[in-house]
Amino acid sequence: MNDPASAFNFTTFPGLETAQKLIESAIFYKRSPRYDLQKGRGKRLGCIFLNPSLRTRVSTQVAASNLGMESIVLNMDKEAWALEMEDGAIMNGNTVEHIADAGGVLGSYFDFLAIRSFPTLSDKEADMRDEVISKFISSTGKPVISLESALRHPLQSLADQVTINQNLPTGRKPKVVLTWAPHIKALPHAVANSFAEWTLGMDHDLTITHPEGYELDEEFTQGANIEYDQSKALEGADFVYVKNWSSFKNYGQTPRVIENWMLMESSFGKAKNAKVMHCLPVRRNVVLSDEILDGPRSLVQEQAANRVFAAQAVLSHMLDLSTGQK
Amino acid sequence: MNDPASAFNFTTFPGLETAQKLIESAIFYKRSPRYDLQKGRGKRLGCIFLNPSLRTRVSTQVAASNLGMESIVLNMDKEAWALEMEDGAIMNGNTVEHIADAGGVLGSYFDFLAIRSFPTLSDKEADMRDEVISKFISSTGKPVISLESALRHPLQSLADQVTINQNLPTGRKPKVVLTWAPHIKALPHAVANSFAEWTLGMDHDLTITHPEGYELDEEFTQGANIEYDQSKALEGADFVYVKNWSSFKNYGQTPRVIENWMLMESSFGKAKNAKVMHCLPVRRNVVLSDEILDGPRSLVQEQAANRVFAAQAVLSHMLDLSTGQK
Amino acid sequence: MNDPASAFNFTTFPGLETAQKLIESAIFYKRSPRYDLQKGRGKRLGCIFLNPSLRTRVSTQVAASNLGMESIVLNMDKEAWALEMEDGAIMNGNTVEHIADAGGVLGSYFDFLAIRSFPTLSDKEADMRDEVISKFISSTGKPVISLESALRHPLQSLADQVTINQNLPTGRKPKVVLTWAPHIKALPHAVANSFAEWTLGMDHDLTITHPEGYELDEEFTQGANIEYDQSKALEGADFVYVKNWSSFKNYGQTPRVIENWMLMESSFGKAKNAKVMHCLPVRRNVVLSDEILDGPRSLVQEQAANRVFAAQAVLSHMLDLSTGQK
């Protein structure tokens, strides 16, 4: 009924023109959050969380409220209300409701839906199909916003591009670096995938650096410069996006890394003016050092603050589309 | 202070006249959800969940919002905030608050209260007294709506009757069949009880079919035709309501059933035009086959959508009663 | 950025003059809850719960709504979203986000923040620094309301003082007694600390009675009469506040108490007109007997009802401060 890649959903990079429009809109709302307080009046947004959330949930609710929309949150924890994903399944196990049934019902209660679902990190094929959000979209019949899926986190990426836009060096294309960082757990690829997709989509110069074995899915990185030497990658960087992810090739595994990949102030010898970004939450002194996070390079609080306006720009855009006043 | 059967509570079948009025009101709101957007302005509904909920919670919140009412949800999970039910108890065990104290406090914070509490399925006497909702009602001093109690699920039943009303065969009384279906767990009787109570109350022709040992409480089924042969029961049916429940006699047990009670398309040889209903969530291919759920007989998504308007009709009615403009 | 003791936060007794103003304001709102329905329009309150809550959460949300403010609740359960408290920590353990990062982000999403965090009862020094709320305040940059911290529960205490104010004996200073009561678990000191602090701050006559070994922190009790004999303490009491707490000296321990400290009607031989108070939830017939709770002495439901107006007075006061119209 509804194509995941349709203009009426927000699940992926929407193309340069729309992305630019969304960035401008977010910057406008940052100055005037309540300018469109009547725009979404009478519209209802259902926010479905299959995984926990702090920033994403609150920023989306605040964004909806800034547009006069009502939002209702549903925590459908994977354990408490396990959804069946497989078509034709004989549901005599742990799942209590099929996503197609839940999606249909929620589609009848809301004007817009937003859903968060992390990857399994064990079933690579299901994750690569972006199974949960795809099935949800095809069953709801309403426009859907990704609050992070197995593959992407586009609201985060839009906020990231707003942040980059507001901190651009003058007179030249910025050099953006996405660097892998250490962590104690196996983490999804969604933030890194999306950041690469958007940064390349915005036509910035992108270098990705990570240890051997941590190559991202080429679908997202094509066009980026891959550099295994972190210090080389950082040379002349304007923005350094720090993020851990698990292996894509040895799917969901965390092959041992011997060198120290955590950035310190001393890592920036050849990138004096580089700004540092991270999506939060961050494990301090594991992923990033205190000196960076609390120092003048850090844009992380600004990124988090921009989440509200990114979500607001997207909701506003979807309101336009749904009423045909594109 | 407040009688559970009082007109100011909504916990049971309210009599034919009121039920007809509620059905008409729900159908009206289905066409014009926001017609009464000012009606509940300044009124507050507290929704207390002692058990998890998806449809019931969201549809009630949406209904309240459609009437301009504010709703606040409290998840008082039985484990996290265990309520004491017994009067005179020495509370040196797991319960942290007496329902009489909690009820009194919530009564002072809200204009209307709604509560969900499943049966124990182990303490038959407590369940038959509908202990939790009854004690809650007697302590709050405010009108109470059942969001499903040990014995009944009247908001579901009203939505079911709205669905039947909008799909009636022309020129004759409908034949309604309530059939037991398989499940992997012991389930409450509330949906089945309430469906029987309302269907009989609406003066429809009701046949109930189930395996030996799965007889429902006669308090709810008196006036229905009981037929142990499912295929016979289905003959000439207009509506077939599918639901699992555990044994009432061997309370909460699930005596083994050898025959296959799951409906397939082939089950409808003598009920060509029968519509199939289920309250959701449904375990596909255990309770009901995909071919039925995804085929033209299925009313299940329509039932779920009608939950909003059923709740809206009830809230609107209670607003009328509370302001004396019956 | 923000001093915990600053007038812009509400975490402690605010001084006699402000306290009196807040009590009067609460009594005004009790008569006219929706008088200031426009006052907080466009303002957003974030309510962060690191521990569960019923009365505090709902009464705060209702209070905000009575002032036209929007409130959003975040349950950051200590297990699900464990916050790191230690500065400089290498976060390779169970904590996923540093309170300074979370506080900064939430400060950018909300106009006011409210936070609940119980003491550890094991790390006395951290609790005595009131670590969580103090670090949260210093990172948010927005006014903060305590919804109960390791050391204090000022919204409860304000509601308690409103209750005392509305039940004062005529023509004399009231005698207020705070009595320890039995419980089955080790409980925090916050309610008792705050009640003592406010009662003394309001210049009432306060007697505190408890078994040996249950002395409260003198920071809160200085100026009170300490009496180890409960029956002597009760003589001539106008208000008897009943509460359990664990040992402060043997921090978080519960030294055995042989005598029976649970109040019965027979305990009031020399305090015929004494009113009994408790903050709820109460374990009946462990902390307090049914005969007291359900009898004419009990003010506990009135206290709970006053929670709304206490929170409303505080929010209204903070709105005044934030717009400089003190």
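Note that the chains are named A, B and C in the order they appear, and that numbering of residues resets to 1 at the start of each chain.
The working rule: a residue touches a chain if its C-beta (ideal position, glycine included) is under 8 Å from a C-beta of that chain, and two chains touch if they have at least 3 such contacts.
Keep in mind that this is a model prediction, so the values were computed, not measured.
S.K.: Copies chain A and chain B touch; is their interface built from the same residue numbers (over half shared) or different ones?
M.R.: On the two sides of the chain B and chain A interface, the residue numbers are mostly different, under half being shared.
S.K.: Fitting the CA atoms of chain A to chain C, what rotation angle results, rounded to the nearest 5 degrees?
M.R.: In short, 120 degrees.
S.K.: In whole angstrom, what separates the CA-based centres of chain A and chain B?
M.R.: Here chain A and chain B have centroids separated by 40 Å.
S.K.: Pull out every residue in chain C that's touching 2 or more other chains.
M.R.: Expected reply: no residues.
S.K.: Would you mind writing out the residues of chain C in touch with chain B in their complex?
M.R.: On the chain C side, the touching residues are 34, 52, 54-55, 57-59, 61-62, 65, 184, 280-286, 290, 293, 300-301, 304-305, 308.
S.K.: Which stretch or stretches of chain A touch chain B in the complex?
M.R.: By the definition above, chain A touches chain B via 42, 44, 46, 70, 72, 74, 76, 80-81, 84, 87-92, 95-98, 101-102, 104-106, 108-109.
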